[in-house]
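Chain lettering (A, B, C, D, E, F, G, H, I and J) follows the sequence in which the chains are written, and residue indices restart at 1 in each chain.
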C-alpha cells in the first residue's frame, strides 16, 4: 500500500493545501515557530499539535479550524510508526535503515561507554536536517538529540 | 542468535584484548586517529581497516599483525548488516529504529525540499556520538553526515 | 532454539548454582535487596548488576567474583529482548502477549486521557508479581510502574 | 492499515458520539458501573456487553438501542486481537510489548516459583490504569489480576 | 531444525530407553496411570511430571531417579510450544493445523452459541486418541475436553 | 482484515437472515439434517452444499434459491482456509492452535504407534462440539473423526 | 542451513555409501523393486521403509542391518517436509514451486470440474520422472497419480 | 484476500459468461483447440492468448472482441504467480505444495542423475490432468512436461 | 495486490494513453530523448521527470500539462520500490531476483577485487536492455552501469 | 548466519588456498579459461565444474584432485541460492536487489515489448563485470546475457 493511501483525510487535505499555496515545510515551520521536520511529521500524522499549533495551521493553510480540531484536536492521539513497510523499500528511507543495520551495535557500544546501561529516548527527542554545501557534492547533515534514560534497577 | 555468536573469531579476540587492557573505544580511536564509532564498527566486523589501521590495532592491543592481516587484510571484505534482528529486539537499538519509523517519511520530505530527488548516502557517510550535559538529564547527540546523491535520469 | 540454548555460559552457571543451593529468586532477592523479578531478569541476562549486586551474587551463590565480573562487569551491556520468539509459543508467555493484543489500544486510549500524548517508559520501569489467595482459585497480580514520557514537540 | 480502518461501523459511531459529547472513558465507565479500560475495550470491539451494558451505552451516548443490539447483541462475538500489527509499530503500544520481551521469562519463572506449572489467565483477567503523581515525573501504574490456571495432567 | 535437535538431553535419553525396551507409550502410560498422549507430551518436554510420575518413569525405563529429578524436578518448568515450525511442514501435523484453518471460525461460532463469550481452555484440557476400526478404512478419533472459560467483564 | 470483510456477499446475507430469524446453527442444522459445525462451515464459505442442502437453506432462511445457486451452485468450489490470520490473534481460535503446538508431536507419535506411517485425513473428516455440564465449570468436548491414510510406497 | 546439514547421520551414511559404490538411484531402485524417486525420498528421510526394504538396502549398500534398523526401524516415523526453505531458493526446486504458483488455481478448477469438491491425495500418491528425448532439447516428464478424496459432508 | 478479489474485471466477466453458458473448461478448450488447464490459466490471468485465441473466446462466450482485446491484447502481459498465498491455505492447493515439500529434493536428485546439472523449465512447459477410474477410488493423474535446461558455464 | 492496483491515477492514465496511441516505450523514449527503461520507470512511478520531460510527455500523450504537473511536478517525489512483492511471484521478475541470489556474492567478490571495499550505486545508475539475435534463440542483454562508491573511513 | 558459516568445507579450502597463493579470481579464471564471475560462483558452491575444470583447479591451487572430485565430482549438484538472506542486509548485495525493486517492472515491460510474453533465462545466462574508468569516479559495468524463453501455449 502506498504511503498516500495510509494518510488520513485531513493529512491529504493538509498536503493538498500546501501544494496549492506552494509553501515549503520550512516556510510553514517558521510561521508556526516549529522545526520543519516536526511540521512534516504533523502532516504525516506522526505528531500531535497543541491548540495553538492547530490555530496557526488553520490560518496558514486556510482550513477551517473546526476541521483541524475534529481530526487533530484534544481527542486525537497519533497511531505512530505505521507508514513504512519493514524493511522500507524506498531507497531514501532504506538508507536511514541501513545506517542502523551497519552502525547500530557500534552506536549502542559507544552510548554504553559514555553513559552506562540505558537508551537514547525516541520520545524526548528532536531531529534536524541541514544542507552542508560542499564542492565535492552537498551533504545532508542530520542532528538528533535524545535524553539518556538509564535502566532502573528494582 | 546472540550478537556475540555472530562475531568472527578475530572480532572476539579484539573485544577480549580491549577488555583486558581496559581500553575504551574513545582511547583506541584517539590512538588510531579514527572516530570511536568507526572503531567500534571495526570491532563488530562492519568496517575494513587500511593496512595502517591494522598495524596500529596490532600494536595497541598486542595482537600479532599477521593474525589481523589474515582476517582483516586485503582479501577481507565486510559482510555488513547482519548483526541485528529485524526489527531489533534490544531497546537501545529499537529506539534508533523507531526514530526512523516515526520520522522517516518526514525526513525524506525535508531532504526532497532541500536537495531534490535523491538519497543521503550511507556509504560516503560519517556518524558521531556526543554527550550533552543537561541538568534535566544528559542527552545523547548523534550527528550524521552523508553525501546527497541525486537520482540519475537516463 | 530453546531459551536455555540462548543463555550465556555465566547465566547457565547462575541457574545451576541456584538449583543446587535450592534457593528461590525471592530468597536471593531478599539477600540482595532487590525484587525477585529483577533478580530473575539478571539471571536471564536482561539486566546489568551494579558492582555491589555482583559481590552479593558471588557470595550468595558461591561463584568467584572474578567470573561474575568478567561477564557482568563494567564492560558488559545486556543485549535485551532476544529470548522470546515472536509471537511467543509458550502459553504462559503468550498470555502476557495476548493481554496486550486485546487490551493494548484500550490501554493506550486511557493513558492518553489521563496523561496526554506520550508513552509509559519501559526503562524507568518496575514490575512486581504477587499471589492473591482466592477461594475461587488463586490469582496472579502484576503491578507495573513506568514513568510517563510526553512526546517532545520541536 | 490504520486502527481506525479496522473498526466496525458501530465502533466508529461510538467514538464519534463520545467525541461530540466530550465524554471520557472514565465518565462513561462510572455511569455504566464498569472500569474505564473495559469500556475502551468495548469501543474497540474487544469485549462483549451484557444487555444492561447495551442499554446504558444507548442512553449515555444517545444511540438507538436497536442499533447497538444489531451489532453488539446476543449474536455478536468479538473477533479479538486483530487491531495491532505484530510487533506493534506505535511507540506506546510497543513499550507494552517490550516489557514482555525483556521481562517475560523472568515473570514466567516467578509465577512458576509462587504457583507451580501453569499460566496467568488472560480471560478471567482484569486490568486497571492509575496515575501516580510524582515530583520526578508522573508515573503510569498498571495493575493486572488474572486467575492462576494449573496445567492439567491426564 | 529437526524436532530431534530441539529435544533436551533427557528427552533424548527417554526416547532411547523406550526404544531399547520396546515399550509403547500406551504401555508406559498404563504402568504410570497416565494417558498415552500425556506421556508422549512428557517425552517431548511439553509436560511437567509430579514426583510420583518421576519415580515411576525412573523404574519403568531404568534411568536413575536423580537424573530425572535434575531435569524434570521441582525447578523444571516446560518451555512449551516450540517444537513445531509455523505452519508445520510435516503432513501429519499439518492436517491438525488445516482442520483449524478450515473449521476454526465455525467451531468458535458453535462454542459461542452453546456457552457464550469465552474460550475452551488449553490448560484445563485433556486429549485422547482412539482407533475406530472401519471396513472402509480405520479412523482416528480424537476426543478433546477443555473447561469453558467465560470472558470476565470488569 | 476482519473475518467479516473476508466473507462473500452471500455469506453476509446468510448471517443476516439467521440473525433476523433468530435461528441458531443447531436449529438450522436439525432442519437440514446436518451437524451444526458443518452448517457454520457452510455459512463461512468453507463447505459446498449439495443441491438439496441449497433448497433447504433457501426455504429455512427465505432466500430465493436462484441466489443461493448463483453463489453456492455446481460451479462453486470453496477456496478454503483463508479466514484466519496465522497464527490466529483471537483467543478462542488461538487456543485450538495452541493445543496443536503443545500436543501435536505427541499426537503424531500416538497415531504412528496405533496405525503406522500415515496421516489422519482432514477431508474424510467430521468434527462435533458438545457441552459437558460440570459443577466445576462446564466443559467443551470436541470429537473429531478422520480416516487414517497410510503413506503409499512405490 | 544447507540441505546436507539437515540430514540425519544415517542419511549421510546412505549417500556416502551410494557415492562410493557408484550406484544410481535407478540401480538401487531396480534392485529393491522400488521406483527411483521413492528411493531418493528414503535417502532424504522422507519415507519409511518396510523391514524388507531395510534388508535390501543393507545388502545393496553394505551397511549392517542393525544400523538401518536403529534409525529406520519400526519406531522411526519420518518428520517430513522440512528440507526446503519456503519458498525454495534453489532454481530447480523453485521451478516446481512456480508451476504451482502459476497453474495451481487452474488445476484446482479442472479437478473440481472432473471430480467435484475435494483434493488429490499427497499420501496415496506416486510420482515418476522420465526423460523424453527431443531434437529441440530433451524434456523432463513428471507423472503424478493421487487418489481423489471428496470432502465429507456431515 | 480471496482469489476472486484478485481477478481483473475481464477475468470476472469470463467466469460469469462461462457460468451462464454452463460451459466447462474442457468444452471451451476443445472449441479453442487448447488444453483445458491452459484455458483455465487464461481465465485466471496467468496466460496470454494469441489474437486467434481472443477471437475464439469472443465468439464462444459472446463477449465483444474489442473488450477482450483491451485487456488481453498485444499490450497485455500477465503478472503471474500472485493468486496464491504462500504457503497456500486451501487444502487442494496445499497438497500440490506438499508434494514438492516432501518429494522436491528427491525429484531434483533424479533429474540430476538423468540429465545433469540444470532445471526443468516452467516456461517451455505443459501440464495435463486426467481422471483415472479405479474401483478403490478414482485417481487424479497429472502429467507435466518441461524442457531440460542445462546450466551454462562461462 | 496486483501491480495495476498499486499505480497512481496518473500512472494509469499514462498507460491508457500509451495503449490508445499504440506507442511503444522505445518510441516515447526517442521522442523524449530518454532511454526506454527510464520512460517505463516513469510510467510506473519509479522516476521523477524534469519540467521538460513533463512537457514532452504532455504533448506526446495528449494529456494536459497541468495534470502531469499536479502529480509529477516539483512537489512530487517517488516512493520507490513498492511495486514488487518480496520475493517476486512473477517468473520474469523472479529470474532477475534469482540471478542475484545465485551470483550476488560472486559479483560482490569481483567488485571487491577490482575496486576495493564499497558498493555499485543504484542511484547514479543506468540500465539498458537490448535484443541480441541468435540462431539458437534470441538473447536479452542487460547492461548496467553504476558509480563505484568506496566506504568512507572516519 | 554469516556467509562463511554456510560454505562447504571444500569451499573454505578453496578460499584459503586462493588467499595463500595471493591469486585473484581473474588470474584463476584466465588459467582455467573461465570468466572470473563464474569462478567466484564455483568457489561459493553456486556452480558445477566439468572434470577438466576440476583438474585445472586442482593444479592451480595445489589441492589433490581426489578431494575436489569427492565434493565437486559427478555426484555433486549445487544447492543454489541459499547464501543470501532475503532481503540481503549487506549494502553491496542490497543495491543489486534495489535495482530490481525499482527497475524490475520497467525491465519486464521492455522485454515484453521487444520479445513478447516470456522470460530472460537465469540458466542459459552469463554475467560479466568490468571497470569503467571515469574522471567523476570509476563505474561498475555489469553485462548480463540470457536466452529469451517464450511462454509455451498448450
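Worth pointing out:
To be clear about the criterion, a contact is a pair of C-beta atoms (placed from the backbone, for glycine too) under 8 Å apart; a residue touches a chain by one contact, two chains touch by 3 or more.
Small disclaimer: the values here were computed from a predicted structure and weren't measured.
Contact with chain E and chain J alike is made by G, H. Over half of the residue-numbered contact pairs at A-J are shared with one candidate from C-E, G-J or B-D, namely B-D. One finds 47 Å separating the Cα centroids of chain F and chain I.
Annotation: 24 Å between the Cα-based centres of chain G and chain H.
In chain A, 1, 3, 37-38, 78, 80-81, 87-92, 94, 98, 101-102, 108-109, 112, 118-119, 121-125, 127, 149 are the positions where the chain touches two or more neighbouring chains simultaneously. Those residues of chain H that touch chain E in the complex are listed here as 87, 89, 91, 94, 98, 101-102. By the touch criterion stated above, chain C contacts chain A in their complex at residues 34-35, 37-38, 47-50, 53, 77-78, 108-109, 112, 117-119, 121, 123-127, 149-154.
Residues of chain G that touch chain J in their complex: 1-4, 18-19, 85, 88-92, 94.
Here chain F touches chain H in the complex through residues 1, 6, 8, 70, 75, 78-82, 122-123, going by the rule given at the top.
By the touch criterion given at the top, residues 3, 24-26, 36-38, 40-41, 43-44, 46, 80-81, 83-84, 86-88, 90-93, 95-111, 113-115, 118-122, 124-125, 127, 129, 131-132, 134, 136-149 of chain H touch chain G in their complex.
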